[in-house]
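Okay, structure first, notes after.
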């Protein structure tokens, strides 16, 4: 959608393409129609770069169809989130897939070497937040980041967190993942000097209300530099963290 | 309501009082009817001990009426909560009242010397939680407790809290008061060895929803030993803390 | 976290330990890293004393791993809450576990003789609140308290509750457990002279909203001395009650 | 709307009225058009019987207009609920109005002698529930019922309520009015043998959420025979109680 | 709980019973302790009259135990609500039970002939509200009422309701049961001259939120004479309707 | 319910039907009583025209019974919504049914040729909204409309939507279906010149709260001409769109 | 936004405009920048046609600035919604404004003669819904529709509504406006043959929750053909109704 | 809090400071006690750098006190958020303050020249979001960023947003601010290649619920790279954006 309009107009002007082709171009690219989905070759996509399929609400057949179409189009590495075991089984029987059951992340192709500014820390309040944390960590790794995992460092045992002050002070971005009271983001936000992305999880019971308690806590964090993503949205946190960890001077 | 039934029965048996008087007794005591209120001389009340009037939703005239009736009945010290400036003005013109505008606490009579097991700490996350904190602190002092105030020690600046580890480790009971994300209770609960009473406050904006964010946070605290009272209920926290600080062996 | 900093500093000063060892010490203790969990040897933990594992959201293998590590470290008695039957089956096959299916409480080792100030009453509104009540009662017993169970004494049949006035008046702490309207806490709070810990339960249907009705009721209790824990949080109530029942003069 | 259809059809058949008049009849009666309101002469209304105007959201002028039209039509007694002081002032300057500021009830005409089966008890948990209670009590009196007021008998001081067991046991209908935890309805429902109508009030603060806590409590009451009306709906409770108190055998 | 205190006092006075026996009496009656439940022989219970067991949250064994104990005590007719098929199967193998799967109502003994003032109408908005409606209808019949069922008369097809005007106008009490928008109660409330008890149901999808939409609708009904019970609480509606239908002059 | 009253009155007057028959007529038509349902032959229903059965909450037997009764009465085409596979299996074994598993729509008879003003566009934000979309699309087709499906055109990839500007600009009505953030309705509403009916879906996770996020978004749409139906209510959207697409001049 | 792209491309191709001018064109039209607002000359806007300013959240000066700029651009008729009295006073002092205080609608210029297919009915449940109703009615009239007002026809007095069956049956579109229980939309939806747009209002008290009760009711309407707009959104309803009332065959 | 522990230990070891001084150090720095507040000299604060005071809930006197103490300590530039006009008036009378009434931002000292990687765009959906936008923009400018303001570019008029594609494509970070449906964040997130921080505003009415609709929308955004801050939290967004815009390689 970016600067292509000017380019297209110049091509029309210079006669490189006809008007009808130009209109067609605007309609066709940059996605392909599969009926049940429009396969997106989106934002700055160059052949061979990374691509993501959001697996939830798609049948195994649909996921396979989309992935196959992407590979045909030259895509090498594909991340599939919220992938059911069934979908992994089907896709794995046809394509070169590695699958992490805990986080329900599937990866076609390979994880690239890290290219970011620094390291991304993925921290969790408890053991049961690990599935969401792995979704975030694998996403960040898939997008070219070095990831450090700090699991089970919840604020009710502060010493566990404080013993990792070195890692926290040297991080580029921190992803703070917690259910229940969700205080981890505030405490880390107060300790760290870098952007903190908070992920509430649906872990808990009673008045945790499937993550709403943690979500509200994190939104109300008094620590500056904390932003929040949706409950259990490990992927979103990993993606945003990667984006921040790849900031570069615009000229 | 306690052991009086047996006593009453024995008095009936021994003829000390008639049946009709006994029935009357059950009906009359231990409160007095003012029409708009039943003046309660309740729980372990001995003449001269402390008594509380919940001021919200009562007119200045009603508060004065109740207080005057209590004093007539021999009450010396009365705590009035949620007292409007108007009520304070009216009551103060008739009775010996000291009034704290911030916490809207009025005290008739005097604050007794501390008699509890140890000290009660009243800690707040921020400056704007102070009115609720003062309601808790003054209530606890009125009920015979030594109180230490730690204000503005919110978790987004952890060093402020940690610098008071000595007080925290030696407290008998801690009242943790915070709005917004309410993480203070969890962090203190994880650090301290004593009961922690959490008070969410309606301080904040946006998704703090008048205290519900802090309330949920505190209810979901992963730290053991934390219990919660209603939003802004400084009085309830002070009262419960005092009760705990006056625990004694039942024989 | 308490007074160890001063001690450590003195040891550094006196050359008892090196700076690097001191830094290491701060980082390592008082927990042990299992990858998926940091095994906490926390608060006033002396070898052989009691320890707790929160079982929810942990796999049977993780629970076994944590428990085994604790026992290796000399722990004798371990309480495991929210333990699934599967976890109990696995842990029971390796360690000396007694398991209560109703409350999903597992206990490794034995329940100690009571050491508290007085007795803790665990009261429920109905029969279906019993699982939560047993979680509270077993927790309190595990932590060294005498427990009296008063089940099915809901306020819609007030005589059932009033017939236990003797127990209520002589209790050290009362845990009031109820779903639906949750009025039990207020009525007991009005009758008793001791701290009351209210536990809302998710028992009920329709507008009980999985315990929120009882939770709000209890938070809004007009009776002084009532504090609240999370919905279905029998453990938290038992733990806090035990803490209160073991209050002692700080010198 | 009731048996009139058959009557109308018979009149059409017998030629007593023409078809057009019959259609007109159906359209015109039983209300009158004022533009901003349709003045209802509804349900069993005989000339001179009682009528009600719901005052909220109507301007003083509109209330006066409606009342005047009713009186023109022969109405003698009119109850006006939720009437502002301004409206009372305007209406009172033109018509014979008595106005109760607390409950915002205005009455044109007089209160009739009681005609019901028995007595209606109006009980409140606290002093601040009195405005709603008076709305209920005055409504019931206006509709021909003897009313007994039991104010400030909340469950946190159970003895206050129990001292009125005689009245409770002999009531025909009980209206239980409470804010905050709303437990009054359950306790009374468990004690009484008659229908109980529960009225939550918006009295309270914090997690009482303008009456929702009391509302949920009352809906979840475990006591049989309790039904609920809207928050602060004293009128509705008084009206329903009167209806029940005037039940008679249908032949 | 009623006038027994005076009687007891007189017996104590006259020496008919000793003080200890009197205290015992207060504690024992009118329920029996089964450990997991206190079997209630409550309100106006005469030998052989009807009794109710609330089946939800009780195991089949507990229900059987309670029912058996009641029968031993002379009870002839017992209504069991929210009874699972499993419980019905167990109880039915030991006792003379008839069970209605749709409403999950079990009845031990027989349904008595109607004794009320008039007829109770049970009306539903749709076909899927029938299970709740049958709970209400069977409860009312069990308690001695004639019941008329009007099912599937929702307001979006008004003619279906209006065709039953005769029944509506001659009813003693109407129970209006509806999910989704819950408008049935308002429309019936506007048409009828008798008390209307509204029961919201959890039928529906999307923004019906398990009955909260219908509940709010019914609470906000502009029709006078409408009161509300909990979502899906057919039993409560049937019980209250029966109570109203058995109103009699108190002397 | 429309002009039949006048017609009926004229028939009574002219003696064409007796009074009793007229009353009967009012009661019987236009539905038939099946006990569990009143089979509606409603609004402008002429023999052979289309009819709808709402399948949710009805047993397979009830659906079959209603459909069979309609066909007996001459109905040719019937749409059954929210039909379970079981119900489809039973009905299909007796009647000529085609069933779409995805949308759970069953159709007895055939889909008529389009008769509307123009085309209805059914657009979805993602692949997982398709079941709701098909419910809308099949409903609209069943009611005589040409439908264009634009699936997976969510606003986070705006080019996918903009490439369909031609269809959007030429639509008669647009149904915009989306879960999660629900922004599709606003963006389409801003682009199009025709009525837009927004359908929130329960697709999503975390803070999408089963569709409430999308619902609120759509209700708050700043684009004029957008109205909303219930979450997942594809049928309602299809029905309303058809109604609008068949608008004609009333004379 | 529609077919202009093709036109623009052709103009570029034919040299009618330069590439830079084309890019400029895309950026500039069709709005004008005022700093605090972009004045929109949007959708099918021809010189002199009608335009709307949403007044809420804009200062009187901003409203005047926008209106003045529109008039300069040739606009003749402007509708201003949610206009404060202050804004009306300022704008009225400079421009030819008529202002309706009740609905806070301001109109610059004149209301055109009706051009729609038929009549739009605006119906309200009560007197206090009239401000929202007038916003809807004036909007519809401003957009060229004949409007019929049916005020105070709530469903608790069904005869008031049924007496207007003629108008209801002959309407082109009906706007049903109600607070409290919001049942009006369902009942009208069941009676009428045309699209019904439901507008919940924030009128009411207690559990009406500022319109959410009515909103949920309307969303859950069982009547087909009902769609909903935001609470109090009279303008949106009027706008959509007008759009539907101006449907015409697309060729 | 960072590497100071090691440094401190080394100083203790080397005798540079005594143990008591070390303990003191830990307690005193880096904040100063004012009684009602602990003045924080936190995170990488060097003398003369920027500092922030959160003004909400603080009295004018408290704000002045804190600011004065900071300036005494050498602070040159101070940002005060949520500052009331009263506070501005008091502080302005003593210190060199510039105050923006719209955003309630006060600045002591001066705004520094931009030092970030690129430009921060602050975009709003409407005119009434401007106060929050200015809080974000001024914060970002105060922290050394170049800011571009794009106001009133809501998605219901998509062309307004698309005309700024150049700015959007070249931004370093984008802050997307919107009330009502909050779709702006998703659309921008889909168009841009940089991190997007979404700020819901409490602008709106009806079902916007003071910003919750926009908040949920933004949390559920399907666009990758979008994170969210609290409702109306312009400051938090500006602070986080600045942090991201100042990312640099950690070595």
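Going by the order they are written in, the chains are A, B, C, D, E, F, G and H; count residues from 1 in each one.
Methods note: a contact is a pair of C-beta atoms (placed from the backbone, for glycine too) under 8 Å apart; a residue touches a chain by one contact, two chains touch by 3 or more.
In this text, all values refer to a predicted model and were calculated from it rather than measured experimentally.
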Exercise for the section: List every chain that touches both chain F and chain G. Expected result: A, D, E, H
Practice task
Spell out the chains that contact chain A while also contacting chain F.
Solution key: G, H
Practice task
Average the CA atoms of each chain to get its centre, and name the chain whose centre is farthest from that of chain B.
Solution key: F
Practice task
Please report how far chain A has to rotate so that its Cα atoms sit on those of chain G, a copy of the same sequence, as a value between 0 and 180° in steps of 5.
Solution key: 180
Completion exercise
More contacting C-beta pairs: A-B or C-H? The answer is A-B
Problem - Centre-to-centre distance between chain D and chain B (centres being mean Cα positions), rounded to whole Å - result: 38
Exercise for the section: Mind checking the centre-to-centre distance between chain E and chain H? Centres are C-alpha means, answer in whole Å. Expected result: 58
Practice task
Among the residues of chain A, pick out those that touch two or more other chains and give their numbers.
Solution key: 1, 5, 26, 54, 126, 157-158, 191, 206-208, 212, 215, 219-220, 222, 224, 230-231
Exercise for the section: Spell out all pairs of chains that touch, sorted by label. Expected result: A-B, A-C, A-F, A-G, A-H, B-C, B-D, B-E, B-H, C-D, C-E, C-H, D-E, D-F, D-G, E-F, E-G, F-G, F-H, G-H
Handout entry: Touch list for chain B against partner chain E, complex
Key = 5-6, 9-10, 12-13, 19, 22-23, 26
Fill in the blank from the handout: In the complex, chain E touches chain C at residues 1, 26-31, 35-38, 40, 42, 54, 56-58, 62, 200, 202, 211-212, 215, 230-233
Practice task
Over in the complex, which chain H residues touch chain F? Could you list them?
Solution key: 125-126, 154-158, 179-183, 186-187, 189-191, 204, 206-209, 212-214, 216-224
Problem - chain D-touching residues of chain G, taken from the complex the two chains share - result: 126-128, 130, 151-153, 157-160, 162-164, 203, 205-208
Problem - For the chain C and chain B complex, residues of the former touching the latter - result: 1-3, 5, 43-44, 52, 54, 117-119, 165, 169-170, 172, 191, 193-195, 197, 215, 219-220, 222, 224-231, 235-237, 239-240, 243-245, 247-250
